[in-house]
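Okay, so here's the structure we're looking at.
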Amino acid sequence: MSPLTELPDDIARDLREFTIEVPSWAYGNSGTRFKVFGTPGTPRDPFEKIADAAQTHAMTGSSPRVSLHHPWDRVEDTAALRSYAEDLGVQLGMINSNTFQDDEYKYGSLTHSDPAVRRRAIDHHLECLAVMREAGSHELKIWLADGTNYAGQDSIRARQDHLANSLAEIYAGLQEGERIVLEYKFFEPAFYHTDVPDWGTSLLHCLALGEQAMVVLDTGHHAPGTNIEFIVAQLLRQGRLGAFDFNSRNYADDDLIVGAADPFQLFRILFEIVQQDAHRPASGVNFMLDQCHNLESKIQGQIRSVLNVQETLAKALLVDREALADAQARYDVLEANAILMDAFWTDVRPALAAFREEQGLPADPFGAFRASGYEEKVAAERVGGNQMGWGA
Amino acid sequence: MSPLTELPDDIARDLREFTIEVPSWAYGNSGTRFKVFGTPGTPRDPFEKIADAAQTHAMTGSSPRVSLHHPWDRVEDTAALRSYAEDLGVQLGMINSNTFQDDEYKYGSLTHSDPAVRRRAIDHHLECLAVMREAGSHELKIWLADGTNYAGQDSIRARQDHLANSLAEIYAGLQEGERIVLEYKFFEPAFYHTDVPDWGTSLLHCLALGEQAMVVLDTGHHAPGTNIEFIVAQLLRQGRLGAFDFNSRNYADDDLIVGAADPFQLFRILFEIVQQDAHRPASGVNFMLDQCHNLESKIQGQIRSVLNVQETLAKALLVDREALADAQARYDVLEANAILMDAFWTDVRPALAAFREEQGLPADPFGAFRASGYEEKVAAERVGGNQMGWGA
Amino acid sequence: MSPLTELPDDIARDLREFTIEVPSWAYGNSGTRFKVFGTPGTPRDPFEKIADAAQTHAMTGSSPRVSLHHPWDRVEDTAALRSYAEDLGVQLGMINSNTFQDDEYKYGSLTHSDPAVRRRAIDHHLECLAVMREAGSHELKIWLADGTNYAGQDSIRARQDHLANSLAEIYAGLQEGERIVLEYKFFEPAFYHTDVPDWGTSLLHCLALGEQAMVVLDTGHHAPGTNIEFIVAQLLRQGRLGAFDFNSRNYADDDLIVGAADPFQLFRILFEIVQQDAHRPASGVNFMLDQCHNLESKIQGQIRSVLNVQETLAKALLVDREALADAQARYDVLEANAILMDAFWTDVRPALAAFREEQGLPADPFGAFRASGYEEKVAAERVGGNQMGWGA
Amino acid sequence: MSPLTELPDDIARDLREFTIEVPSWAYGNSGTRFKVFGTPGTPRDPFEKIADAAQTHAMTGSSPRVSLHHPWDRVEDTAALRSYAEDLGVQLGMINSNTFQDDEYKYGSLTHSDPAVRRRAIDHHLECLAVMREAGSHELKIWLADGTNYAGQDSIRARQDHLANSLAEIYAGLQEGERIVLEYKFFEPAFYHTDVPDWGTSLLHCLALGEQAMVVLDTGHHAPGTNIEFIVAQLLRQGRLGAFDFNSRNYADDDLIVGAADPFQLFRILFEIVQQDAHRPASGVNFMLDQCHNLESKIQGQIRSVLNVQETLAKALLVDREALADAQARYDVLEANAILMDAFWTDVRPALAAFREEQGLPADPFGAFRASGYEEKVAAERVGGNQMGWGA
């Protein structure tokens, strides 16, 4: 309970190695079905998104990769985008496919009953694999908007079979060292059933595909009350936790800043992670953000999310696991819980500030970015053109 | 349990008098934050919406009013729109205000901390009252997107005070015989708190305003598991149930066809209504639809919703209330429930078909509309121009 | 839409073959943590429970098996109980184990960190297998109350490993033709995490065990909003749906009468079943009830639940699947949904009454039982002794 | 962000004045419908409960009152119990009525359709008022288990009317300076509808009764996702927040240790409180605990809950409200949120330890109690007799 002013060496090492991948689309406009609010300085092309994402990394030192969304981030020359990113100190990361914005996909994509639509959707994913290679990445993320709005609209079972076949064709396109990660989502935009609603469904498909298929856990994609850390433990136990999409939610898929709605949940999730050493690079788990900024400053929002993950990871690493195991072995419920909470309530911010300064980073990345003048600069420069958002 | 081939006289009378108001916006395009799918023949101006809404009434005989949304349905000459509607056999109904699509309202409207923004929002509502009078209507519906996304973003309490003051200014603009109805919503587009999240809040504001302020109950705006019929009973007991926005939901505010997700819930709600004779015109409750058609045919969807309300109301009216009261008085739980279910399971469709034919309406309004060729006709005619949707 | 007065032959055949297993404990007292209300005539030993269960079958002709709960239904001579049941026209069914009422299981049973407690729990299950054989049954149902109330209380991961090992020992005790079914539950009595919270976890353990392990789906054991028919489809696709525990819920594991809370959900579940012919005996799915009667008459409640399943199954079988497939193939969302609803709204009660009479059963089993005087008779006879409930 | 080693004077003053009332029943056995686990040393009469509760106060200095439950805590001589408490340094607090454990209340109490049952229930409450006076208390808490399990079981509306009349009779029994507080609960033990399900219903009854009727907010009694701090703000705005029942929940009314499930929620609730100075004695809000200990040590659990409330209150008081108001006024969403979080993440434990020592209390009340030997002592002494629990 004494103030933590310096990180223990092993925790410092883990935090130096730990990275968070940021989503390109978080730097563009986003919103709700009611309204998308634009803001001055919003990127007008993928290069500007990368520039903004590089700011997040420059401040935090922890977010060296940027996920791309295809086709939102399609450029004529992916290699040029890659060089541009590398010049700014970041790398291109996971490729996200998109089968939810074409009219053809109104009733499904990989699950559609029409073979021609499935073909189109499969080909899109194969194209994504090509982009992935050009980007120097090795992961393709598949999230499907597929589902139905009304009972009877389509056959739940037949769609599962179509999905399995479509995924198999995509999987066959993988090369060694590459992988696909399959995301699940409880609802939205489908309101009666979704074709991959839960971790069980995602995992079953991955198991059928092979070892290069893994599950993505988006923290906002569960039914109310779901114990997410249990799912983390279960997927790690199966060796199939491929990636996180971190964000937070109070109601639905609210896509709020990570840790904003329930910081203790984030802590419990990360504690499940560190208990299996899954935070370390060797685990192969890709820790990504997936959030939308409706009201708040975009780059600041990303920095806040990165910091929240980093600080919470530090707390999770601080848990006295030996003492915890001992209390658990004695069935001392309150003591065991208290050991966990002791780490949660420890204020890691001073030690993290020192840790950052040692690495030549701002002690307070959030404040440093606000003071940097970057936002004012791009707001002045980025005049004209179309601000990027979902779909552009 | 014998098949019902003819409606009892009193039920037939009630159904003849019972009307459902349809929303103009249901005839335009709508969707999710991911995609809005357009369809051929979608109206390009409010007149075309009215024409489509008139089809719903022509087929069902039960939906003689059309709610307007201001400014989506703003026309130069509201009187002309009104005549056009009347020529097609329908009337203009409730006016819906809109303070969620202007950049000024990013952080709130009637609840905003900036008096200038509140002024603007109040003036918008006063303008709506003017439109209302031109439309020959006497009701203004207020649904607010106001709320916050993050704890600390704003003062919950101060916003309540602003809301009370703003509403008082609007209320002061009412003339005799006019009223405002205030809608509540659990979440969306705000994801941390909404300023009118529940019936209690809406009712408190109405009580503070006066007798011309009533609560609107949108069936999709509650927390998971909420017993909506209880709220109906409570609002009727307070004499403050002004209107329904009927739709259905499985998860959030899914805005699906009425009765599609849980037809038994619709029955329970309407049974609460008929127990207080609130389905009869004298009650002053306005039964409206509020739904979005993402995937299905729009006019057909409205017809289906109207029919679902009508059929379910017939079932609710069929409950043997004397027998029910008797079973309740004997604490015969299973018998009481069985009496309710007996009405629910009665197939009222043949009797309703006969009832419609007696009134010169199609026995099967849904089939009749599909066979009418109207959809093909407008798809051919309505070429060019911009299809209307949310925001246009 | 014409009234259905007679069941089509194939549906009549299916209903004749379709059976529902009733739980012995539904005939004893049950309640909430606040109060258990006793009623006159409640069984005082397993024989009296069987006698009451036989009444359910005598009235409905559809519930020829009775699930036993060990040790609640422990008797000195299981063979005698079996003969008694057979004399009354019913059979002993699935055995339910119990590891939630001994002080040793306070912190878990099959998942406990203490090998001695796990040993005890495993041995209990092996004993259940012995009882199962004496009862002439071949199925053992495992529902675990195991879980924790506080984060940190125990290791989620270690408990999964213990569970896998414990189950393997039990599984090793199975003979050919026997099987275990593993139930999952979202929460209660554990309030932070449960060790088998969802179908995915249950299925993973079953897959690891082998083909004689199947999943049990209790309709009340899911998070709010869960699409249960999707899970049914998924488990059937995996060939691992072993059994249902039917009941209904509005909030938690309310254990209400089947179909009482959401009859349309029951219909959708059963339609998923009939689409795979899983309602037929060859499927091996055991359709069981699991409910508690807090307020209502117990035998009447069971009869009502059996009838609700039977009537809803008839509706599901009435769906015009050819027309449905055709509408689905045309992406005619509203028509597809309407075809489903047409079956749902068909009043099958007259046809079922005729169907029952053909088999020499009461046309109205619920009314017939009430009129039979059985309840009055046992209330008069069963005086003295201890009424059975949970735990006795 | 510098470590807080000493509490600012005004915060220290507020914490010195702030008190938490503990429930007598938390010191007895409790559990779920599946099992109640007893523990050595559990009180066997109300005096022993008081003795245990006094330990909580002795360690924390913050819990000088003990709520009683009538009739669980009925003693022949309430005055003797009161003296006993006062000798141990605590006072008797709120009286909790009980109308959920008698057979007569199976179908309701204050809402029952039978006037004789209502009479009985009203008289019970009048008796509670008498006990209250003997106990030197001035508050009566009413929580009703009333509700129904099935649609149609009873008239929702009629029950509201009965409730209003019954409450009016009880209210008429109040003397000056006394009050009743009316609790609401979303569900359980009723599973279809409860008669006081939400704050709106409770408030309406209180408004109808008069100024001596207030609402109790139990933090575990809401639908999933409910924003509780909004309700706090709303009830304070109406001047009708009478008391809290603090506990925490993940799923239903789990009755876990305060702050265990979602410590950030507790912080937000308390921040809403301190913004209106409602934590200060003059507000009249009674901050009580209401939790059940199924697995953990009872006195330790109460101490932990008291400490969690106290620590979280300190954090809420640390919020820089001037800076917050300034950030809000600039619509700086992220800065406003950051100001709130800064207080949340501040480790107040060292300063609170110092604060306690200044008052002659143990720096670590939890550890001090564990080390005190009290539990071992009472376990050795309290042999024989019946341990108290719910109902005894």
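Worth a mention:
Residue numbering begins at 1 within each chain, and the chains themselves are lettered A, B, C and D in the order written.
We take it that contacts are C-beta pairs under 8 Å (C-beta built on N, C-alpha and C of every residue); 3 or more make two chains touch, one makes a residue touch a chain.
To keep track of the chains, here are their UniProt names: A, B, C, D = L-rhamnose isomerase.
Just so you know, these numbers come straight off a predicted model, no measurement behind them.
Compared on C-beta pairs in contact, B-D and C-D come out with B-D as the pair having more. The interface in C-D, A-C or B-C that matches A-B, meaning over half of the contact pairs are the same by residue number, belongs to C-D. Averaged Cα coordinates give subunit C (L-rhamnose isomerase) a centre that lies 38 Å from the centre of subunit D (L-rhamnose isomerase). In subunit D (L-rhamnose isomerase), the residues that reach two or more other chains under the touch definition are 106-107, 149-151, 153, 186-187, 192, 224-225, 227, 250-251, 257, 260, 264, 295-296, 333-334, 337. Residue ranges on subunit C (L-rhamnose isomerase) touching subunit B (L-rhamnose isomerase), taken from their complex, read 1-3, 224-225, 227, 250-251, 257, 260, 262-265, 295-297, 300-301, 304, 311, 333-334, 337-338, 344-347, 349-350, 353, 366. Every residue of subunit A (L-rhamnose isomerase) that touches subunit B (L-rhamnose isomerase) in the complex is listed here, in rising order: 30-35, 37-38, 100-101, 103, 106-107, 145, 149-151, 153, 186-189, 191-192, 224, 249-252, 254, 256-257, 260-261, 294-296, 390-391.
Touching subunit A (L-rhamnose isomerase) in their complex are the following residues of subunit C (L-rhamnose isomerase): 106-107, 113, 149-157, 160-161, 186-187, 192-193, 197-201, 203-204, 222-227, 229-230, 233-234, 236-238, 264, 268, 272, 275-276, 324-325, 328-329, 331, 333-334, 336-337, 339-341.
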